[in-house]
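In the two assemblies presented below, chain A is common to both, partnered first by chain B and then by chain C.
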Partner chain A sequence: MSKPSLRWRDAGDAALARVLLAPTFLLLLLIVVYPVCRLLWTSLLDLSLSSGMPARFVGVDNYVSLATDPEFWTALANTLLITLITVPATLLVGLALALIANLPFRIRWPVRLSLLLPWAMPLAFVGMIGGWFFQSDYGVVNDILRHFRSTRIIWFNSGWLAFIAICLTIIWKTSSFVALVLLAGLQTIPQELYEAASVDGAGPLRRFLFVTLPLLRPAIAVAVIFRMITSLQTFDIPLTMTRGGPGTSTVTLAMYIHQNTVDFLDLGYGAALAVVLFFISMAVTAFYLRQVRAEA
Partner chain B sequence: MIALTVPAAGIPIPRNNQTQRKLHVIRLVRLLIALGVLAALPAHAETTLNVFISSALRPEVMRQAFDQFEQANPGIKVTAQLGGATSDLQAQYLNTVLSAKDSSLDVLMLDIIRPAQFAATGWTVPLNQDVGNPATFLKQYLPAYADADMVDGKLVALPAFADAMFLYYRKDLLAKYHLAVPQTWDDLAKEARTIQAGEHDPQLQGLSFQGAPIEGTVCTFLLPYWGMGKTLVQNGHLTFDRAAAVKSLEFWSGLIKQGVAPRNAAEIVTDQTRKDFEAGKAIFAVEWGYGWNMFQAADSTVKDKVGVAELPALTGGKHVTCIGGWQWGVSAYSKHKADAVKLVKFLSSVPVSTLLAQQASLLPVFPGLYHDPQLGQTMPWLPQALPVVEQARSRPVTPYYNDVSNVIRTQTNAVLAGSESADQAASQMEARLRRVLH
Partner chain C sequence: MKGISPAALRRLAALAVIVNGVFPLLWIFLTSLKTEAELTRIPITWLPQAPTIANYLRAFHDQPLALYLFNSLAVAVMSTALTLFIATLAAYALARLNIGYRDLALAAIIAVSTFPLVTLLVPLFQTMRTLGLLNSYGALVLPYTVLSLPVCTLVLVSFFQSIPQDLENAAMIDGCSRLGALFRIVVPLSAPGVFTAGLLAFVNSWDEFLLALSFNSATRWRTLPVGILLYQGEFSFPWPEISAALVVGIVPVAVLIVVFQQRVIAGLTAGGVKG
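Here is the complex of A and B:
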């Protein structure tokens, strides 16, 4: 048994590493590098299945028409706005939920379970639930509001109200993910630090600001960046809640990509849109990796 | 085999015992081969055709037709694959499966708006060779379907059943207020307001129509637009009339402002109209033919209180309606094309059309069946439906239909929601349609 390992060592650690890493490398080549290169290539083609014509190389034409496409800019703005609104909001709600779940309850599982439930639900389900919640005739939200105002709000008649309804649904759905990450972070903070702070005369607020928050920073960074990437890809919830309406006021970039590729069969243009989303996500990821390296 | 020999390795076995063991293994392998051949035999002798149908268009009735085909064609089994409930969802699924050249579907049920796209993509097998002379063969069907299924000389699909938008009305309420079936949209609005005022029911809608960003809303826009004698696309070229578009959009938002149509019209999908009318919450409804059977079902609030008529015309204009209906096509990637063609020809026959009408109130594609006395018993309005279906108009015929549909439905939805003016929406529509149909 010892002989082969000796032989490997003779060939040098580098060679061993190469052999051991080869399968991973091949796998990544197959499932990441190849599709991304294929996407980049497709984005340079005029490839619309509905035209019945074969693919034709057109260089950056798709990117030029993208820059002059008002619907692309609407979708991009909506996507960024959803990210800007829902990421800080989920962070606040998630933090509150994590602090509650971290309290010394005698029976912990009901709290933990209710934290897990929204996170475990499929996004499309949540979108449909949200759609019914805000439905003007039968929705729960309007039923509650009826006690306070005489006229009902038709949420999906206004771009802004529809947008708010979507954001509220996203916040509800994703806060539990943030809470879970932060809860894990909270549990790594040693109890002695709180005791020492108490001895020094720090009240609950100061203990939170000067012990909890600084030590929670790495967990917050992870949660925020994961949430940013997923909210840039927002698709299921608006699709099932409003189908992008009224008009195009709640269309996100991911929905617009889907529409161009699956509905319109314009694979070239869809690929160009996907490349844009890819680079935005890449930028966020790069930022995350730098952050992680800095922490280490 | 390996599993049997491995434990023996390393253990010294007497020679005799070893040959014995080998014999056992050989016997076992023979048995396995025989079993495998047996299991594979029926699969070779029997073809299975997988048919893609809508989950909302009475799959249990379609099943009866498939059973009849199986009985007449031993050796062919027909399985149904249920697609989404709406035309949009089904199209998304078919676009994904067929652009991947997947062979899992043999026969496809297609909405009347799809043949042009399927002809361009080559996703269905042209049936020209299978029907003799296509021109004479298609004469037996309603002209709208013969036209829709023949694209650039290719017979893309065969008609399954017909459909059109009708006006459903509450017979009992019209009688109570001594009102006639409205002939113009203005009459309809007036009558609806009279009844609404008399009934004192805030839940009672005057008219339910489709305004959500879905396929049905394309027809909503086109009804008054066509009613003014305008066309949208001719020979693949855009013939957009901006003034008529503005008027069409203002017409619908006007009905909302008058309180005839509900304020949440922009939320209403096709089946919501059906549900509201069935629950007695609407006096008039713009709805497809499938509604009839459901309004007349035993658990319907409006059973025996329903009338069906041609959609009203604009004052001084002509009656127009939007044609619907479905087709049977053979997938270009099917591995059993010959059998699939046989099935499609059977499904597009008089007996199946009769079955679908009788069991599911799906309108026949053969004009002769509209005067069939037996069918008349289940669908008494069938004779009246014939001229409507015969004159119904087709939505724009273009391989880029999905793009066109998306522009029209989103802009119409925005106006109905009140988030855009009719003027803005018409400009947007024109600019975006020009991008699609250069």
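Here is the complex of A and C:
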């Protein structure tokens, strides 16, 4: 129990806190909560701005047509496949980058800068640079491969080659973010633990497996979950590299949502697609919050 | 591995990290200095044979690149300023005031940091269209503020908590109000934190593409990623100009990163990080 004078001050605190937090929660209400409610409602409407017809309530019709729309399933499969491939690959590359960056160099800034630069690049720029790298005639990737094989690879004419090029570009771009998170985690591991393990006769491999990895687990969890959530929204890199082509072989769910909403102005259908993505992301977020609470 | 000392091996590993991080950017810079004739030569050249800035002149001349640059800056500066103001207030309440729902509020803010921006596309498109805000700075400033608000709030909370409470108490005994103490004591002392949060918000805004492409596609309002993408025709890829334009778009954020790398790392660490 607090003394009366303190309680008076607590009451003042509570009022002030409400004022200070009001802008944040007002903004979240306006730009997150209200739009999500409107999204759920719109997904139940036949609302196509290009037809000029007024909105009509159609229940779950949009979801029914979605279930029988092969392009939706392609986009969903591509999105999940990109997540399944790039998240583990990014984790491995990012871990390697972080372990190297954590070595005791006398001059640390060049390595650190090399992690920060890809992180800070706009994804859309990276996609365009990727398109130039994998360009079949003048791209640097084929120029290097020229030394190993006689025929050049035409990356963007085949669905699965284009898919590989996109995944490689995503892995390059996002591994720096993972490395920065893991580097922060590595620096919180007390040096004495390594010394103690060495005294006990543990070699580098055992120190990595039994000291580094267990203590890095929280950082790995944060990195993986953030990467999963951003990966489910993959848009910038495939759009700037292939625009979803050839055909629809590299279309992601986010690209299909964008196409239906902005290009076709079919808001009802775009909303239903977005609701599917929303619930997949929420499942990952729920898992993340449980993780955060478990560690707190 | 025999014959290679551990130190040499370490230097080699560091070199691999540096090449991995810098080479793609260096390559686009080299590309931007080559003539169109050189860029369509097989086998390709690595270093520009006759370096030229012609691509930059054409990038600015054929497209309103300066306008795109200005739009990107305007949106980033406005949303960063708004984010910092709102996040400072919230972070102070969360770091310093005695409130019962503190953990709940923090959880809500963390949950928003994982919120998929794509799902806002449809409803915000509807709202912006109704309000006539499509193709305006306003269409992007508010969503970008929400995008950066969680990470900035978390960064500021951790910086505010590192300011000794005594300094603030002393100010309040001297007759300063709580808000006065916030803006005269806490904010100046955590200037590095405020600056760090600002950097993260700026980079977030500079990099955003989906909403920029969806809401502001008119030439007058395009930001850099949208503007540069639309250099491409249906079948033509003017790589010399695109590479020059990309370098123009990369330089501002690269300069920020080079100059303030320690701040950015501290911010990423304190903010629980956001991709």
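Keep this in mind: the second predicted complex is superposed on the first by the 269 of 296 C-alpha atoms of A that agree within 3 Å, B and C clash if a C-alpha of one lies under 4 Å from a C-alpha of the other, contacts with A are read in each partner's own complex, and residues count from 1 in each chain.
Going forward, a contact is a pair of C-beta atoms (placed from the backbone, for glycine too) under 8 Å apart; a residue touches a chain by one contact, two chains touch by 3 or more.
Values in this document were obtained by computation on a predicted structure and should not be read as measured data.
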item	value
Chain B versus chain C as contact partner of A:145, first or second or both or neither	neither
Which of chain B and chain C A:51 touches, first, second, both or neither	first
Chain B versus chain C as contact partner of A:196, first or second or both or neither	neither
First, second, both or neither for A:254, with chain B first and chain C second	second
Touched partner set for A:137, first chain B, second chain C, both or neither	both
Contacts of A:262 with chain B and chain C, given as first, second, both or neither	both
If touched residues of chain A are counted for chain B and for chain C, the larger one	C
Chain B versus chain C as contact partner of A:159, first or second or both or neither	first
Touching partner for A:246 - first (chain B), second (chain C), both, neither	first
Touched partner set for A:60, first chain B, second chain C, both or neither	neither
Overlapping contact positions on chain A, where the chain C interface meets the chain B interface	49, 135, 137, 262, 267
Touch list for chain B against partner chain A, complex	88, 91-92, 95-96, 99, 117, 119-122, 212-214, 263-264, 266-267, 399-400, 402-403, 406, 410-411, 413-414, 416-420, 425, 432
Of chain A, residues touching chain B in the complex	49-52, 71, 135-137, 154, 156-159, 243-249, 259, 262-267
Complex contact set, residues of chain C against chain A	10, 13-14, 16-18, 20-22, 24-25, 27-28, 31, 39-44, 85-87, 89-90, 92-94, 97-99, 105, 107-112, 114-127, 129, 142-143, 145-146, 149, 153, 178-179, 203, 206-210, 213-214, 224-226, 228-229, 237, 239, 242-243, 246, 249-250, 253-254, 256-258, 261, 264-265, 268-269, 272-275
Complex contact set, residues of chain A against chain C	10, 12-14, 16-17, 19-21, 23-24, 27-28, 30-32, 34-36, 38-39, 42, 49, 97, 100-101, 103, 105, 109-118, 120-126, 128-129, 131-133, 135, 137-140, 143, 146, 172, 174, 176-177, 180-181, 184, 222-223, 225-227, 229-230, 232-233, 235-236, 239-240, 253-254, 257-258, 261-262, 267, 270-271, 274-275, 277-278, 281, 284-285, 288-289, 292
